[in-house]
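Pasting a structure below so you can have a look.
Should a chain be cited, it is by its letter among A, B, C, D and E, assigned in written order, with residues numbered from 1 in that chain.
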Amino acid sequence: MFIARVRGNVVTTQKVETMVGRKMLVVEPVCLDEKATKLVPTAKSFVAVDFLGAGTADLVLVTQGSSSRMTTQTERAPVDCVIIGIIDSIHADATQVYRKSGG
Amino acid sequence: MFIARVRGNVVTTQKVETMVGRKMLVVEPVCLDEKATKLVPTAKSFVAVDFLGAGTADLVLVTQGSSSRMTTQTERAPVDCVIIGIIDSIHADATQVYRKSGG
Amino acid sequence: MFIARVRGNVVTTQKVETMVGRKMLVVEPVCLDEKATKLVPTAKSFVAVDFLGAGTADLVLVTQGSSSRMTTQTERAPVDCVIIGIIDSIHADATQVYRKSGG
Amino acid sequence: MFIARVRGNVVTTQKVETMVGRKMLVVEPVCLDEKATKLVPTAKSFVAVDFLGAGTADLVLVTQGSSSRMTTQTERAPVDCVIIGIIDSIHADATQVYRKSGG
Amino acid sequence: MFIARVRGNVVTTQKVETMVGRKMLVVEPVCLDEKATKLVPTAKSFVAVDFLGAGTADLVLVTQGSSSRMTTQTERAPVDCVIIGIIDSIHADATQVYRKSGG
């Protein structure tokens, strides 16, 4: 899995039938910096299925590949990227690197 | 999944039998820039199966790996990259980053 | 899938039994340049199974991962990269980017 | 598989039900340097499931993709990254590149 | 698949039970250079299961992902990287790029 920040959303009208009604979010993977004190953006973009209610700027946990079909909502769907958790906090050593606002 | 722009098409005569009759498009992944206001090209190329009728310059949603076989059209085919949607629009924060022309 | 140029071949005597008799080619992925007028090398190397008769300098279409086992010749083999087509031509916009010599 | 160093941990309250109770660690892949005498960090971050009791700064062996579901603990879970071993030592040529402290 | 050079080995005591007794080698992918006359290192490291008896400095053929479970020795194991051949020679154009010493 990887940690990603929600950046936006994608709208498609013409699509594979099994994709109708799915919320598709643009997410950007983030990485711990060298000292493990903050998260740095990677400038990459993925599109992930969301059924947990993630919002813009949230940090989320993303699963890729065939494992992204291992949820009730995505079973047998042509998806290779799904949000499996909304992150509350990340700790590295004694430092709290991230805490969800309002969480 | 990832967002990609359709760049061209590939013609093959000599091929695996199950690939006969499939439309193969060259697509280039694109990423949101740092401010989430525009899409930037990545200079990478993939070849994706298309059965939705995508055209040159369209932005499309692409699934990779075993999940690309999870459509009626690609089941059990030796394909690892398929277009599952033609993108109408992409929003990031309050900005409309992309809108399909004529859409 | 990706577009690749055949660069060479690999010979192995000591190998997994199900790999005996397979032709293994070294291929280099190529990408469309920014203006979509020519193909540029990536300097990466993969080894792909070939049963279509591809030759040195040919451009081929390559499938990766579990999908590379979706041919009669590679079913249940420990291969993750296979040539599924020999490319005749590639077009981008109105430009013919590639045409197989003698094709 | 790849070698990674444990950097931190991730807490998620809102998540896919099958992820409840799993320990999720942030790990950073490391690589052998040119002379094979030391390990160098890659600045990348992955999140891996841990059920072996790995601790911060440990070097671990990480499996990705569908193979990460091939343990009793992760079978059918939407996970694509799991720790399958805590590394005691790494040797390259005649050099001991790493030895677990207290090991 | 990719071509890699064996660099070292990894020892783990605490591990998933199905990993007991497996030989784990650190391998570095190598690529053909622009002129296809020599192999260049990539500075990346993977850990691959070996049951063919590969030794330090050998060039090996490596399969990744679910395909690495398609051998009798790795079936249903949580491994995503396995050595399927020890390379005797690599040819590119009329050049012999590599020949195993003593081979």
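Keep in mind that, in the parts below, a residue touches a chain if its C-beta (ideal position, glycine included) is under 8 Å from a C-beta of that chain, and two chains touch if they have at least 3 such contacts.
It should be emphasised that the depicted structure is a prediction, and the values quoted were computed from it without experimental measurement.
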How short can a path of touching chains from subunit C to subunit D be, counted in steps? 2
Check every other chain and keep only those touching both subunit B and subunit E; list them. C
Rounded to the nearest Å, the gap between Cα centres of subunit A and subunit C is 33
So, what's the distance in Å between the C-alpha centres of subunit B and subunit A? 20
Touching two or more other chains in subunit A are residues 65-66, 68-69
Output the circular ordering of the chains, read from subunit A in the direction of subunit B. A, B, C, E, D
In their shared complex, subunit A is touched by residues of subunit B numbered 1-3, 29-34, 36, 52-53, 61, 63-71, 82, 84-93, 97, 103
Interfacial residue positions of subunit B with respect to subunit C in the complex: 7-16, 18-19, 24, 26, 28, 41, 43-48, 56, 65-66, 68-69, 76-81
